[in-house]
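Worksheet: the structure to be examined is printed underneath.
Letters A, B, C and D mark the chains as written, and numbering starts fresh at 1 in each.
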Amino acid sequence: VSGSAPAALWGGRFEGVLAPELERVNRSLPVDRRLWREELAVSVAWARALEGAGALVAAESAAIVAGLERVGERLGGWSEREWAEAGDEDIHTLVERLLFAEIGAVAGKMATGRSRNDQVSTGTRLWLMAAARRLDGQLADLQRALVGQAENQVETLMPGYTHLQRAQPVRAAHWLLRHVWPLFRDRDRLADAIARAAVLPLGSGAVAGCPYPVDRAFLARELGFQAISENSMDAVSDRDFVAELLFVVALAGSHLSALAEDVIIFSTSEFGFVRLSDSYSTGSSLMPQKRNPDSMELARGKAGRLIGELVGWLVTAKGLPSGYNKDLQDDKTALFGALDTLGAVLPAVTGTIRDMSFDAGACAAALDSGMLATDLADALVDGGMPFREAHEVVGRLVRLSERLGSPLDALSPDQVRGVSEALGAVDLAAALDPGRSVERRAVPGATAAAAVRDQLRAAGERLNRER
Amino acid sequence: VSGSAPAALWGGRFEGVLAPELERVNRSLPVDRRLWREELAVSVAWARALEGAGALVAAESAAIVAGLERVGERLGGWSEREWAEAGDEDIHTLVERLLFAEIGAVAGKMATGRSRNDQVSTGTRLWLMAAARRLDGQLADLQRALVGQAENQVETLMPGYTHLQRAQPVRAAHWLLRHVWPLFRDRDRLADAIARAAVLPLGSGAVAGCPYPVDRAFLARELGFQAISENSMDAVSDRDFVAELLFVVALAGSHLSALAEDVIIFSTSEFGFVRLSDSYSTGSSLMPQKRNPDSMELARGKAGRLIGELVGWLVTAKGLPSGYNKDLQDDKTALFGALDTLGAVLPAVTGTIRDMSFDAGACAAALDSGMLATDLADALVDGGMPFREAHEVVGRLVRLSERLGSPLDALSPDQVRGVSEALGAVDLAAALDPGRSVERRAVPGATAAAAVRDQLRAAGERLNRER
Amino acid sequence: VSGSAPAALWGGRFEGVLAPELERVNRSLPVDRRLWREELAVSVAWARALEGAGALVAAESAAIVAGLERVGERLGGWSEREWAEAGDEDIHTLVERLLFAEIGAVAGKMATGRSRNDQVSTGTRLWLMAAARRLDGQLADLQRALVGQAENQVETLMPGYTHLQRAQPVRAAHWLLRHVWPLFRDRDRLADAIARAAVLPLGSGAVAGCPYPVDRAFLARELGFQAISENSMDAVSDRDFVAELLFVVALAGSHLSALAEDVIIFSTSEFGFVRLSDSYSTGSSLMPQKRNPDSMELARGKAGRLIGELVGWLVTAKGLPSGYNKDLQDDKTALFGALDTLGAVLPAVTGTIRDMSFDAGACAAALDSGMLATDLADALVDGGMPFREAHEVVGRLVRLSERLGSPLDALSPDQVRGVSEALGAVDLAAALDPGRSVERRAVPGATAAAAVRDQLRAAGERLNRER
Amino acid sequence: VSGSAPAALWGGRFEGVLAPELERVNRSLPVDRRLWREELAVSVAWARALEGAGALVAAESAAIVAGLERVGERLGGWSEREWAEAGDEDIHTLVERLLFAEIGAVAGKMATGRSRNDQVSTGTRLWLMAAARRLDGQLADLQRALVGQAENQVETLMPGYTHLQRAQPVRAAHWLLRHVWPLFRDRDRLADAIARAAVLPLGSGAVAGCPYPVDRAFLARELGFQAISENSMDAVSDRDFVAELLFVVALAGSHLSALAEDVIIFSTSEFGFVRLSDSYSTGSSLMPQKRNPDSMELARGKAGRLIGELVGWLVTAKGLPSGYNKDLQDDKTALFGALDTLGAVLPAVTGTIRDMSFDAGACAAALDSGMLATDLADALVDGGMPFREAHEVVGRLVRLSERLGSPLDALSPDQVRGVSEALGAVDLAAALDPGRSVERRAVPGATAAAAVRDQLRAAGERLNRER
């Protein structure tokens, strides 16, 4: 090993040293160190491409590749402390320095024809593609927990709500499955986002393209990309893939927040439909009786943070002039922040759902006869009355029932007939039966047992197919 | 025509009237009136589906369909004033009232088995699908304007920038095309968003599904949907399609903002690379000489508003309990606001780009020899020096050039050799020639003439294919 | 009247006409027409200041002032249609055109030394100052509704919640007052925002300041400002006052959303603590029994929109170069949108709260003895046990109670003593009495009757003082 | 030391242990460890207040205070590793555990009458108050750097821009000072935010208030608060102080972004008005000539992140039910994130500004005569022509000048008179003199030398006063 490794990759044209005030915000190693594996993979592929382009001879390329391998072994063993002590500007500088330590001046040939601008976009895309696939697996785990619960709750009836007011009876399995489908949409969006991220920027140089005839299609294949970027200036400016992933993550977070809100409300003493397990409940430092749904509240709350990460990035990226601008450095902070947050919350949500138990009695007790008012109107419709009129008639019956403080199914035949003769002809017990109500709703997507079993089957098949 | 039309669709169970303070915020007709055509189409399909389900006899269905047709004719002729005077709660109430006026009490049968919850989601999706296709056409128009300009600017060289500092020479066509590819990504995302919106919620009722055996697949075909929703509770809660479209629109807006920032800067007196036409420039009420790029500033600024619409909606939708909640009513405000905003800005941007002229002389004058420093380093690399060392050597030459206040191409051979013997051996004139620099960058996506012409061809073909 | 009014304020240096595509987004009259009164007031003051500066003779100034008065009368009588037909670029152009129609060419002297840049900021600030004061009044109305309810609910006990789990008993008045204090903070912030907006930009010209010796302190006094801007370039660039108001409005919206969430949950069938009046409830088009808290859901949902308005504006304003940029034109869209939204929601919230009734029985029934666990631990503390140990002991009692399915107050003395001897010594009936529990909390801000009455008094006095 | 310290503060009522999936997201120590000094201060004050309330005897209180002191010494010496190995749930649990290790079971008495709900809000407010004061100092440092530069640039003339088009000449000092005043507004807002944060929640317990007669006014004085909270339920729910600080920080970030945008543009090769020092410039890994304004780009970009932090928090806090909810735990992530970000950026911006140099020649060269068009129109006004007409006349002269490719000051007298006789009578050389132009603008806040010196004096005095 000969020569001296450069402290920075670009010092030559300046007098003096970088001000520490600037260095503190300029250094990105504490963030982009997470890209070290990708940086090495990109560099190995690049060395080979340079050899193919005649810019490196085989021995140089081989030395670089072997050196990068040793750098990888070294970094793989680094402790937190060693990372903290590395003073390099960024992961690119660190790797080049370590490579220099391994193989000497030939390390300086790896930089031929490329720039940190195309490198970092390539590495970040690689990282994102893998992280998004891990996230997909976590979302599927949550779906499985929901489907697993749903399989046991087909026979449990509970109120379906609109405006958080009791609306119509549904099967508890139907409610659980209601949270499965949004996650399929999330996973679809995730797949689209991965596909759009899988476009190789490497070979774009700083802005004008690489001046050596590297085979970009080869690079794409080597690194697992599906296509190559079409314009070098766009390639180094583009962070759409970051924005799109942040959006998909934020929307998935929003879906968790909706599930969380349901569970928080359903596990109150007042609703009491579900109960969280001890291992997914927390207590109070002051109040000995408390059983708090912290995982659900965190899921609900973190959706805010995820929206914040999306917004922060959209704002930073907005209105930037063409070409790489340092503003873009924040992309990784946003990306890592969002994926770490969702990645930590998801297992807690999955475990909570998996271990949650239902109180079928409490669910059944909540099915007051007022929730069958639509079915009663439908019974009038079956007798030939237009629905709008039937709605009005039953509305008057509800008003009477409230005035008397008596549920619909406790009104006397005379009271019912007093509201409307047509109502008197209806079989009230049948119309006000929750079991009959759910079974009447048998179209695809509805809450009858067969339709719910179809849903379960469809969800299960799709989960297996995409495993 | 007999019977009296209901003032609201749901008054029966209440005493008294709605407080005007509530009515003012509750009424959505001033917003959702834009969905009237979709509301009619949905209702026609629904009447036919009810007939198929045996819930209407053929004569009833025919009367409803004919009546809806007449309602459509009537609404098609309404003035602003007639819309303003309609006091109905929403578009659903208005259409049912007008239908009642046409065909009497049988109008009340149209409401059988459906709810505003599934109706409004169906209508909004239909509207969105059409609006998104219009937006796609507008984005393509802008792409054509950029490609049209690029075809004439292949031979124009200008500085490519990073950090807004001159970096390397590029073809002006390359810069223009740099703004074409992000719009293809936007249109891809738009197509994905349309596909995911094309899932029919109709038949989900209020929350538990429709109690009549309507053929939902028939409804989907009739209305132009690709699939039917899988869970009625999800169907009435889901507004993912709104969020996704708002995101796609916001990101497209961000791309316009980047184009705008470039044009604003390039059309300053100091840069002077492009000049906006008189018909796309505005003046000052005070300063007679001003020629302002208002369309570009509006495009840049509106990206903020578009992000705001996205955020507003994400926040509103976050953490809502399952089932329809009134909070969701704001979806249309956000959707219409975003699409109107981008739909108004795009033609102004397209026109500005189409009519813009280049000052090739100013572009050329900006190509100072400092921008060829990378090419100079590459020349050293061609002589066997590792790039990192070449970078350092040229950096020192740049430092000397700055100290002497003399451009690189004006340094004497002795001065050059004083920095490095190796530099003395390089053909400086060749290395510092912008024309040679761009032609060296010939890989796909780079700025050599052939590569740019490939880009032009690829963009043109894709534009024709997707027309 | 002689001469011809200019179509635009700045056409002289351009050939041809503005492209309709640009005009469509460039015209702001449909938005800034709301500033017409402010525009007139600013112009009257300006004419007087110009006279003071010797730039107008008294007759000219008088003609302008009289003309503006007539323009004001005319605009005051304009119908929607007349506004729609006015094709002017903005409110400044319209007023100058109408003034020209009234007084002829001397109207052109009003433009001396000012620019739309300082004008529009001045007019917008004036509008904001008045609108913010109206908003303050609406917030106070809501406070009065809450205080009014609280006065009647001092004796009603209900559960206080944390994590939406029952925590400790509180007085219902305490819960109501909990929503009063955030509104005082909002009003404080509003007052601060108004004070910071009350800085006069007029006299800053386009960017460099006014070249005529107008008395800016006179202008400030005339128009109701508290100070004059210190730097003309800052004055025409600054929209802090917009951002700050949007923030205050968004945070107030967030407070409404929290109140709304409470009321939505407390008015469910399951909680049943409060009941909305018929005139502040809405129904369902499908389900005759529904009683929906739409006003509360709208309040909760609109908080999203208000955050969106804030964000949109912050994004637009970020990173703009110094001096007026057209991006700033969107400030009024955001400002009007936010204030209209909150201004419409507040009366509906106030009415809902005012007309809401409490079900004291349902509140009392929810006070299960588990909520007194802290008081039980405190009883142990009073006997000398460290709180942390007492918490553990009571926690074990709670566990036993859950295992046995028996409330704390139904456990036998033996069962209690079995958990801890110390517990056996405690007067359980006293410790588990909700009335005693609330009275123990008598420090300022706590829920004992006297403390709540102090709160009521303090809130009432402040409301009267600030009226 | 006797007894065993509890692992968690609340385990008693649960079977088994917390699931690791939940613990991972539930634990906040890695974030809230930064509050350890505040936690100790709060606990010391609380022990004294409990003694005052008779809930602790003097010996107990003294033991606790002494123990806390030793805990403080211990934590003050902790390494990163010791912090990483502490497995406690949060800072409260850690401190209580360490205190137990110091003084045994009496440590458990410190928890009497308080809850983590009021503790954490108190500690966070304390931290915020100090951090905001540090931020204020950093903002003042930047102001001093700007004022320092301005003092040397009163005589330098440069273009003032609107729409990034040259508008009117201004003094460079005027431009620099334009960035000083927004920072005074930020510091005003910061002071307001601190004052509103200085309200003590301690003594609010979990939600219903403290059951022991602690002297809350004493606590407020001890800890440096200005007032006590008025409602215990509001006190534990309220995070307005977080939102307000995040807003103030985001707006300050926006001001930095505007300064950054100016400097980035002014330091381009094309503008060339300012040059960053070597120690505040960075280079390129590829292009040896690059001199990049990274500190300015980071300042511009981080404004996005700061807006994201604000939004994330506003979203999380929106729509939460009353009382502490776990969602609130994220407040510290947002707060620390925002203050760390701005706190790191500010010194880099300050240093960049302080070390930046002006190129007075480049500034002067940019003052083309077109920028004096307003002054020319004013000269016509001085001759009695209404400004609007003068504007039109000069506009025509500008058009001629552009057609001829000849600057205004190079047109012949005949050409000038050909546009307008009145123009022929004007002293063109005087009207088109930049020095005269700036001196004509002498009102307060304008760009004449005396006005700028007044500005400098006012800013300096205020900086000294607030030091």
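The rule is short, and it goes like this: a contact is a pair of C-beta atoms (placed from the backbone, for glycine too) under 8 Å apart; a residue touches a chain by one contact, two chains touch by 3 or more.
Computed from a prediction, not measured in an experiment: that's the story for all the values here.
*Asks:* Hey, what chains does chain C share as contacts with chain D?
*Replies:* Touching chain C and chain D alike, sorted by label: A, B.
*Asks:* I want to compare two interfaces, A-D and B-D. Which one has more contacting C-beta pairs?
*Replies:* A-D
*Asks:* What is the distance in Å between the mean C-alpha positions of chain B and chain D?
*Replies:* Roughly 33 Å, centre to centre.
*Asks:* Using mean CA coordinates as chain centres, what's the gap between chain A and chain B in Å?
*Replies:* The computed centroid separation for chain A versus chain B comes out at 23 Å.
*Asks:* Quick check: what residues of chain D touch more than one other chain, meaning two or more?
*Replies:* 9-15, 111, 117, 162-164, 167-168, 205-206, 265, 283-292, 294, 297, 300, 303-304, 307, 310-311, 314-315, 317-319, 325-326, 374, 391-392, 394-395, 398
*Asks:* If every chain is a node and each touching pair gets an edge, what shape is that graph: line, ring, star, complete or other?
*Replies:* Graph shape here is complete: every pair of chains touches.
*Asks:* Report the residues of chain D in contact with chain A in the complex, numbered from low to high.
*Replies:* Listed in rising order, the residues are 8-19, 21-22, 24-26, 80, 92, 111, 114-117, 205-206, 278-292, 294-295, 297-298, 300-318, 325-330, 333-334, 344-345, 347-348, 350-352, 355.
*Asks:* Across the complex, what residues on chain D touch chain B?
*Replies:* 162-168, 264-265, 268-271, 283-294, 297, 311, 314-315, 318-319, 366, 368, 370-371, 373-374, 376-377, 391-392, 394-395, 397-398, 408
*Asks:* Residue numbers of chain A touching chain B in their complex, please.
*Replies:* 3, 6, 9-15, 55, 96, 105-113, 117, 160-164, 167-170, 174-175, 177-182, 185, 188-189, 192, 196, 203-214, 216, 228-238, 240, 243-244, 247, 250-251, 254, 257-258, 260-262, 265, 300, 303-304, 307, 310-311, 314-315, 317-326, 374-375, 378, 381, 386-389, 391-396, 398-399, 402, 437-438, 440-448, 451, 455, 458-459
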